[in-house]
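In the part that follows, the structures are each spelled out as structure tokens.
Heads up, the next two complexes both have chain A, just with different partners, chain B and then chain C.
And now, the complex of A and B:
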């Protein structure tokens, strides 16, 4: 085996920096101290003195690999699976880096860099991750170029690398569209339970929504077909709670699977939702969904759920009716449940309305809230007493949607009106750049549903009574004036109009990415292929499209490279000489870039002795025209080349 | 004497070249480079092992061109005064009188230049650059033309003071002679003794003609296309990461001068990329230092010619 060239210290350092770039997305996803340790190893390598880098003993990387594998096993309790597997890969890459000496090692490192870049999409497929992967790709190609050609300057090699990557795009698009996709991934990606945010379906207790108010991440995006409903009608229905333990609301224990019959009283609204993964099994829909994806079902609480948790971004279309009523009897026992002997003041207040009709009791409750000087605030005093509802209704009188919904539901139950809590999102921010609504975690909301004999379940929003602006204008508009800006997510502060416009545009791009790249799954691929007349991946027609597309792209490049003029000669003499050289291609004679005209002429004479005389004439005329700037020679050259067969 | 025509000058030089080829057998390329170096008014460095004819070449060159010749063997105890001369107090005239050293000649052979100390070397190199000697505040011009041929033994580096890059840069061309081919060696063995040949050699040129030839060469004009090529070559050496430094502007000028001389010697008034390619290694080789070996890399210099496209 021949020895391959040894790397110079600069080349080793470049490889180190490349690995740092490639490993960055992985390190960001690992346990902090594990990624800190691995990152430190990479930085150390890049910062080592050149002569030390070449003197690292061979055994060191073996030791490094063993230790880091033990460490990964310690952290993840396994060496397989997504997180652990990636950690193993990165650890081994770093160990390999430490023993990289020759060009052959460097080639292995480059292949590893490509692989690690591909693997980075296991962490997520957001646009910024794709951008980072693209950057890593360009850097890898750039280093590969520099290894082969030491003369290249950094600028030229970066430019060339970008060009190479751009040239790969047509092929990548073809394969993206046509390469068969699996309905489900071959390997199942484990759900990361650690990062659970957003609305909780488990319980609702004071303060649980308050944390979301500070959170301006997108919960989902919605796009309406046709006119969008007004802001006050945008109640996005999520988890429903009907068990109260005096402190928190819990979901119903027994779900009878069938929803009560529903009568739509208003026009139908059609829309599509792109839901960010929240690791729970409920979907969001405008109150109240009438048509929804087949994988989901409406349960007895009128909550849209599906069997498996939403671990990947989900796009679905649904239809809702904004005015509705249900038939049949409610499970009144559950909807009237209250913890015994708690909140005596509330109970006695509610019982004072017992004589009224149920609908009238609801109005009395709302009227009472309206007249008792309640105020809406995101920083309410802490409720600490045993009778929390009493404390809220009669003492602190400050709170936000959660407090009002909770207190009002208890008030209604005490007044013998079946009631329950519905959580979800209210409103949303319209993005004119993409014509869709962005609903953020900060838009989380809670409201009450009461059951009235003739009408069935009806939505009542006590927060609307206390703070109508919260609902009418959306969260952002009602609060920016009242709160200090720093208490709100930066995007919601009104004075930052420029930043707001930029963020809106940015989100529109993210939305496009989600709709066109991420959402392109096996189902969409099949739909597209069926439109092209392909029903099966194993058909001749599919093969024809795939191979035809490949050939078309490769052929396009071939034509481009064959007909491309490497550098357009600027002066007349070289243009004429280039024409002469083109004529010589017929005899399989090609001038090398570094070959002088005389050297080329000698070669040509040997190959085509019968043309020697005219070749010598043309060469001499060209030299005189070009290097002695002889204008008469130029004129003769023109004639001689025209004559040349 | 009437001014010589360019054509007769060229003929004289070709005759001189022919004469040189009879003395140094089988090295026409090296001889033409040496002649081009004289004509471009540069100094020549010959780097080779002993006994391949370095001294003979220098001597023959002086003889054929009709120039005064002096030779100094450089040793570690050679002092600048041994080279430049001394001022001696003359009792009769009651003043100092300058006794010029061997450097006051037209062709100076500095044999094994790297054996002398840096002090002596720099005295020589200063004289080469300025073409004058300054001693005791008095400036003495050197004869014109003044031309130094230095030799260097590349292999025995023990006890030598290698010339630093800045001083190597002062030599326009650097050539190697190398072993003669078997046929040339046979001719050498069969022929007359070189010393006898040298003594028989008569000058074919005089100083005036040589200066006329030098002037004619200086006046050659270069086409923009050729200058583009020279600049591309120079730029390439500066970009190429395998060399410590790229070529200096002085080297670029040297390349232009040597190419002109080469073109003129080949009987042309236009300078072609071919001329540049012929002299490039001799001009650039000793100025480029490899990053890996920290020595001159002539193979790499040769390779540059295949890496740079002719514009």
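And now, the complex of A and C:
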């Protein structure tokens, strides 16, 4: 087999289609024009005339490889790293496809197809991506089978491929559960700037949350140990902003100081959060966190941050208190900062409350909002004037949480009450199927924190004053019925209960998938193994489970594959005759496969004339029992064979 | 040197595991070998790379995928093994050929299980591979190996190798079959031989074969349909599977004799080739002919049996010193 077989044009086409399927998840993630170009190359190959496909000059694929590498370099400015590396691999796969001639080349293509499917999870590990990879796996196995056995029809090869993949599952699951995970990467991951999602930690200006309101992707899921707080208390604290430049709010300049001490004034709430990767370094916690994972820290703004951006789904447990008091002084200079000579009407309104106590000033502000006929809308008029806050408070009077938070914070600062903006999420949808809350990007919210002399930093939500239903019933209920607006997320805009139930069920599955498949890391593995009594990967018990499981699976397959359906003649007469034939082996007489019983008998009689009589008898009885369905002959046959020497 | 020192015990070991037996031989576990192919090794390296990558990037689905590929490898290994296990092989008797020709070795392959076997290849040393694309459950098929026979004499069937890389060419599974079958190779007939000298009678003895009494085998031939029952040599036949028939020789009529002396000046093989060519020519003319060799003597006769006996004598011939 030194020379491998040349591929037929059909086989080349099948390989082309396979590569199209395998490259699909990668092409979807690349720059559109690069993936368009590569996809076009693949389609061209599949659509080429059969005789042309065999006549592509060798140099062409080399040229193709060089060109596509240049393109990739143009797009990614490098050929290494995660994204660029994947693009290089795909480009080379496609170039190689153009010079696939022999079975050997096809073998290389198949290995590349397996590999490309395996690394498609670099782009994400959602269930649909897993399904696509499963499809690609079956297709690759199917083409591999057809390549080796041209007799197979498409239907049979697909069926066999599915069967092979299913038979691979037991071993895969055993290894998946028991194979030791690395607690930390072997080599450091190159820094990738993946797209950030969700709340921004950089800047908050009216309109920045507007994009999020229409985004019904899950931001995180939260599960409470014990009683969950009421909906109006579910303020999930995220980035804090305390610098206002007249238009937008910016985060505090770096403070090295420790957070002010927190004194809990209510029961502690324990919960765990599964945070979707958002590529930023803050975590979310229920306002106000008292216990949190060790990898995170609370900064002076009482914001939970982590050193590195969250690039993978993260699960952590935390505790919070719903009522609190913070000690120490506010950084009043920072918390009272306002851009000079802006919003004169606002400032003069606030200064009219100067005589009151700070807590009273906050109440006056809220009262003012309540009585001035503000309305909560997702489509407020654009604010274009220099004095944005004045324009909002005294002219348009329409807006949503960001407008209210921003305006209220300015109002408080002008009234000499330290204030800042806190963004995060409010509320969440309870999923009874999994007993957890789903918090979507659409639940993004902004509120104000003010510093009062006795209590420290306290939450004030001006949106609640303007539109209490927004907070009490959650965003979905307060808006979905009123605004049959297509811009709203589909989950929020539809009231059909069965669709809602279905979606809840679906999300429960996704949650299980995330927790047990995607987030099955070294920690969870250790927890699971400890439940099985395994404390260490080097312990004899671990080896016992591993080897025992392997033996069980391999043994099962051994029995299944090798000992099923042994030669077993179906009817009694044939069984008896088989016994007779076995007895004849003693005389070096073997029935040839092409020989009928009578022909065999003639040969036997000549070889063993002294047994001829009984041989004739047995053969005649066998023929009668087998073909004439003579039951008495069967009984006689049994006796005759027993007596046969 | 080193190769032969390793090879010899290896061959002996293989032969011990595959004793030459007549009749169909079932392939059992002990007689089946399996190793990854080069493609299989490449596959395992690919899976390992994927595994390390997925471990490093902490991609659980990537890990699961790599484990699935390992599982597929394991399934394919079992399938590959099951593809050959339990097959029954038998090499059928091989008819004699002339030197330089290819002997057709017919091999019965019997599937005794309820699974289809595919892409079986049978080969032996010096012979091109014989393929069998598909063997349905309970089916029996024949493959023919073309065994080159360059030299005169007895050739025992070399060890046969049954091999398959199904279903995905990741593993090569094979077994051997040693068969007691052997075949005779007649000398190659000389191209354009000079005409045989005419008119010489037997140089020694009477017209009946003088060596008849010494060489019993000369008087027996294989049973053929239409032979008289009384001609069967029961006693001899009882030793083997084949029926033998007593051969009676008729006195020579209008006949020619081919003498060893006629070709004595030639080299041994050349001489035998010329005798062979003469015999074939005479047979084609349906002329009775006799053959006289230093150690064997055939009275003039004609017919296929006679020709076969004469050619056999040439095939077996060893010069006496």
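Just so we're on the same page, the second predicted complex is superposed on the first by the 525 of 645 C-alpha atoms of A that agree within 3 Å, B and C clash if a C-alpha of one lies under 4 Å from a C-alpha of the other, contacts with A are read in each partner's own complex, and residues count from 1 in each chain.
FYI, contacts are C-beta pairs under 8 Å (C-beta built on N, C-alpha and C of every residue); 3 or more make two chains touch, one makes a residue touch a chain.
Given the structure is predicted, the values throughout are model-derived calculations rather than measurements.
In the superposition on chain A, A:645 contacts neither chain B nor chain C. Shared-chain residue A:227: touches no atom of chain B or chain C.
Once the two complexes are laid over each other on the shared chain, residue contacts for A:153 go to chain B alone; chain C is not touched. In the superposed model, A:628 makes contact with chain B only, not with chain C.
Once the two complexes are laid over each other on the shared chain, residue contacts for A:333 go to neither chain B nor chain C. Legend: residue contacts after superposition of the two complexes on their common chain; A:80 is shown touching neither chain B nor chain C. Comparing chain B with chain C, more residues of chain A are touched by C.
By the touch criterion stated above, A:593 is placed in contact with chain B and with chain C alike.
In the superposition on the C-alpha atoms of chain A, the part of chain A touched by chain B in one complex and by chain C in the other spans residues 150-151, 593-594.
Of all the residues in chain A, the ones that touch chain B in their complex are 8, 10, 150-151, 153, 571, 574, 593-599, 623-624, 626-629. Within the complex formed with chain C, the residues of chain A that make contact are 107-108, 111, 114-115, 117-119, 121-122, 125, 129-130, 133, 137, 141, 144-145, 147-151, 160, 164-165, 167-173, 175-176, 179, 181-182, 185-187, 189, 312, 517-521, 554, 557-558, 561-562, 564-567, 585, 588-590, 592-594, 606-607, 609.
Residues 22-24, 29, 39, 42-43, 46-47, 49-50, 52-72, 74-76, 78-79, 81-82, 85-86, 108, 110, 112-115, 118-119, 133-134, 137, 140, 165-169, 232, 234, 237-238, 241, 243 of chain C touch chain A in their complex.
Those residues of chain B that touch chain A in the complex are listed here as 223, 225-226, 236, 239-242, 269-274, 277, 291-292, 305-310.
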